[in-house]
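Every chain is named by a letter (A, B, C, D, E and F) in the order it is written, and numbering of its residues begins at 1.
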């Protein structure tokens, strides 16, 4: 199997097709324009500079284009960087597509859909079950496509649904260990908690925030969606209030974006397992590229800490 | 005109009809039951203890009942207290009703309604105008009846609408002074910002939080109401997003309950004039009972500060 | 089966043997001495006042004595209180012992010991396994007897070992779900994380802090114990440093008592599941005494929040 | 009318006289010296680099000199930058003066002076009026010339007096709406609150902090000025204490530089309208250069938020 | 030598003259008035209740009166309390005066004055020396009489000058150890830093804040005094600015009341030795009444910590 | 005497031997590699760039090598920088050694050792004395060689022991002034407080953190050392607990790395004199390079403040 971008060490030469994730023009100190590229394949991304670019270069090497590059992996201030020797735009003849270069959840969509369906099937409270099933159905295409965030954690294709699947498994384990937990509330909360992201974010590629994302946010968005769906399904009563609360409160604190702190047991649990799965994902990603006996890059979402990988962890 | 409860000084005797605002049973150190009463008329409220009560006393002197009391105003740890000498339940023959004992906004409902209607009339953006008018109409009875809060500021009958009227006047002055302000957004924001309180709070008398108030909160409630009303009126587009944002952001910060900080100019202004009118009301109330040359009671909503009333302020 | 203290409602009369948890003398407003008692059985504890006590009463009704009481459950400021009608010290003839009145972990010591032994048995890293096993053995009597805290969570007989067992189950589930977790480090961390409490706390009854508990704290205590045991067992190398770090960091932040934040993946996980099991225990305890449709007492360890028990949670 | 610097879009060529606001020498990566210039006219300022400079260039292109430039507006990391093609120092023959290139308050000094005089004239408390009038007279030249700050808000010629005029208008509106406000205290507070800036800052051009500004600060400076003036005018009594307090407290909190928080009603109001006028000015400035449907640059003084300009705000 | 109030243990009877520090009237649960007294002699103070008081009792047992009391030392919630058996007002015949009952600095005024004079004499900078000497002279009577604070530290007669003397000794030691310290600035700063307290506080007995104390504060007060004195003495130049800064900054942070943080070396040192002497005094006072092997009462000014007195500290 | 690196002003040429403190490779905007060097002698350090380097240059100009340089002192963004004209590696013929280029404590090791020995000799508590003497002996070589920190304060050869000596002198002065201080505890605390640094840090040259330094930290390290030494010496009892506490608490707060706040008087004093000596050192270093009448560089360890050196401080 072919080696990927991040599998090369400093000093090695590479010859690869890569996807341009972003391309920003600058002016070098000699007054000439250059491009700062972020290039990626499924293994991750690296920065590269392209010097002395013409206007047609700018167009050719814009974001979302695929290029073929010959270059060298170098060390720049302790981080790997790609030094470009040769670059050309990929053509039809190269037979490559963007999807091949984007990280994707390690489980495929159908399996995830089947697993989530099973969790919904196990729910006993018909009101919670119907709202959950209907909302998921309404947004299912985006739900299985979108990342869970712009960066930091689960920031890959299908990251949103993969995050939900992992959390459902945690939710199940916890419900088994603490039997007084209301499994229906917890499952509904897990499945819907980040569903507002399908409106907050622009999509799976070059993800940015939409206007509603910036000004309203996925928490308020999903709460409103629950209300509308409940009305549509003629469901009234306390389940709707509690479900809305659980979603509203899942960031745990006002400072973190929740207008109410968790005031129902399952809201507190949802908040905790959301944190747990997100930190697992961030640590996994950082340590995957760290050698035993070394410290990882700093993880922004974990107070900017740098984690040590024990030398006996081989 | 008859003197009211708070107009009597320490050492004076009173003979008055009063409304019981709350009544809590306790056990005295001699093992006998007593009632801690909060008694009020339009001038404000005082605490009083009723010793050695029977079970029928408990029933007679419960919250929301009117009583006739003879007693003395005493000083208890620097605060006035009412010492009860005689107490009896009011009867039909006394010809008194609860409304006479409750503080009310200094402007009557019809005048307020007329003034608010005029502001809505002046709005030029038809979408914002229709949403505002329709939502106000939907909840108008409660809107003109409810207080703006359980305590701290505008905690009286019609306090909600009075707070809105005061803020509208501020909004108008500010729009006159800074012409680039979008008057429509600001007026709509002011009128609707606390409308969720009609669902968050239980009503104008013995006000408490409802379940939705506790778990969802008036900010999320009103945002959802705007969405539903926009849908009902077939209004789409950026005005709805911006209006929702302005309402969402009016507490200014996550710590204070807003899931998004103000990111639109009129959202920031709404937040500031909300603070200004609330603090004006709190200072007014505290200084009204403070003699020139003295410090007021501490004001919880203003960092627990005690304000000085200048001796030349007579 | 006989009804326990907390199973009686306000207004009911009780006739029970109870253990005096604490007894503090005060002076009533008539100048006479009284005792503030905290009385408990396995269901929990209530306060009671004993008026006009003699010096011999003080001696008879001191902490850790058992008494027989006839009285009434009353409401005092929204909390239940016990009003004593008759009280007498239990005698040999009553055939009651303190153990019958103290809350205990819901699993017995032998089962817990067996389960923990099994987890140690599953560890593959011989160094971690030997340190864990030896330290547990050194303190096993206290470990299976002590509470996990003076108050807030797992504050009952065998609370410490029960907390560890619950966390081990969580640790196992999480290791199953995230296979890159180092199971040995995590199990060792869970088993030892609060072992310093056997030196920090005075014991299972009327628990207080020892001088070492107050001045050094269980975190530094256990780290030192690991060092000494490793030396005794002639174990050197990175496992010891990492294990010490994991224990040092398990409170997560400097403000919470950890001199280093978690810098190893399993340290972060240990911190999170410690929080999770503690909050589960606190919510469980608070909601157990809350009726559906009502809010619980405030939970100090969860930011003083009051949790709502849904009315459909029956 | 000629187009100004900030009215050109990226890609356009400019040929303009500009004032050098600051000029800092650096060493390029080829080892040769260059100048980082900030160039301005009334529309605002842009950065530009001048490469390979000689020692005489350094002297010619120093701060406060006027230059004629031919160049291009470029995009550098999302901000406009000026690329210099030709540059020469302006000569007497060019007939240009620094004043033409500096932003100035939108109202002229005489109008402002007349308006402020009118407010002083309306004051009824003779003591407050005399102190205010005399202090303003003492520093009037600088007061009508200085900016209100080094950066962030009202950082232009006459910015200080313009800030005061805007706040006086707000103060008047608020006093009309809340009649119990002491208008004299509020007017005096507004007029004097930033007067210490004439000692704290170096002047209207290339403004920096003086030693007294750095070590004492404008708040303590103005309080001392009030004391001295009161002594000079033989005014004693509580007005002086209260006026000093209002000035002392106008930053609202210790963290923001006020040694006492507002403890008098008018002190609180002064603090709020100071904030309001400053934020209005900052939002105005940021949104003026933002197209409808886009987000502004981040505003440092408003928690670094970026404001959205609605697309219907045209 | 006669035993003092705090030298009696719980259970002992006392018969003593005592000074009433404060006397507050309350209403007992039987409806009758009582007085809460704080009684003191040089050893410290205790609380006592006087039940069933008449109006003439209220007058007789008001603050600042001396009384003769027979009573018992009791334990009330872990603190000593005095139970009054007999009380009578002292008469001329008793030949006692208030001064005998108030704690005083352990060094007498003349010695302190001599020592401070010597420090001033050692100053070499004539400007700093003259300002310091003149200001001290202006307020010398109060300076040697006042406490350094209302409570927390040095809250006794002559506490202000005693605090200054202790700090001067520290300042001298530190200047000896770190020779680059500017001794003149440091001595001047120490001597003047709390001089504003003679205006901030009401006096040595029953100390409270004056209006200027509440609204302006001793920091701004002393800075103004320095300015006026410099003017009077025709002293100009940087020494005055720096001295004012050092005084302004001596609380170290905005949150603690300093409008500027220390920006001159001696300002930082002054802040640190002020803290050091204050904490020494607070710990001394708390530990004086603590037995070896026990924890002291909580010290409010030291983050409410309770300090342990080692059992070998005898 | 020859001039040192930091004694040259901007614009002057230098010809000097210098030690390379660090050397980091980068890629210039023309794609060629360069080295960012930090060069030092006893006067301090400066940055320099070496352009267009070959692979052999990288090896020659690595950290810890000595070089001979001809170049110019330039101004880069307000800081001095060294522009290299000629560079060559020092050879044996040059007869220079690393020690000549490193800052060292101003007192030599023998004098420090003698002084510390004297303090230990004065201790009266035999247990504290033996532990202190034995631990110091165990690590004496490193103790007199190591810096006290990687940067910020006392970051030079023998900085650790010099910091201890300065603090001992402070401790002695304070014990003289406040006689109730336990001199033995304080001396022991001062001598041992940073001893863990000999394990936390890598050594006196190019100092970095060791794995134990990163994961355990010098506070926990020294506490463990005390325990082990006490065991070795068969010393038991409260002195050991108290000494461990004092060391544990010397950072003062959880946020600053102490798992317990100071709860013993001498712990609080130790914390304060540690801060005092560290800030003295940081201010001294910053002001040494500041001209009278100017502000120093920002001092990171003192809240990033920039200190003013009075113009009369000459």
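Just so it is clear, contacts are C-beta pairs under 8 Å (C-beta built on N, C-alpha and C of every residue); 3 or more make two chains touch, one makes a residue touch a chain.
Since this is a predicted model, take the numbers as computed values, not measurements.
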Reference interface D-E: repeating pair among B-E, B-C or A-B with over half of contacts shared: A-B
Interface composition of copies chain A and chain C: same or different, split at half: same
Separation of chain C from chain D, taking each centre as the mean of its C-alpha atoms, in whole Å: 60
Length of the line joining the C-alpha centres of chain C and chain F, rounded to whole Å: 45
For chain B, residues contacting two or more additional chains: 29-30, 211, 214-215, 238, 242, 263-264, 295, 308
Contacting chain pairs - touch in the sense defined above: A-B, A-C, A-D, A-F, B-C, B-D, B-E, C-E, C-F, D-E, D-F, E-F
Residue ranges of chain C touching chain B (in the complex, touch as defined): 28-30, 34, 49, 51, 74-77, 81, 83, 295, 308
Chain B partner contacts - residues on chain D that touch it in the complex: 125, 166, 169-170, 173-174, 176-178, 180, 182, 185, 237-239, 242, 261-265, 268-269, 272, 275-276, 279-280, 283-284, 287, 295, 302-303, 305-308, 310-313
In the complex with chain D, residue positions of chain E that touch it: 211-212, 214-217, 219-220, 223-224, 227-228, 231, 238, 241-242, 244-245, 248, 253-260, 263-264
Of all residues in chain E, those that touch chain B in their complex: 24-27, 29-31, 211, 214-215
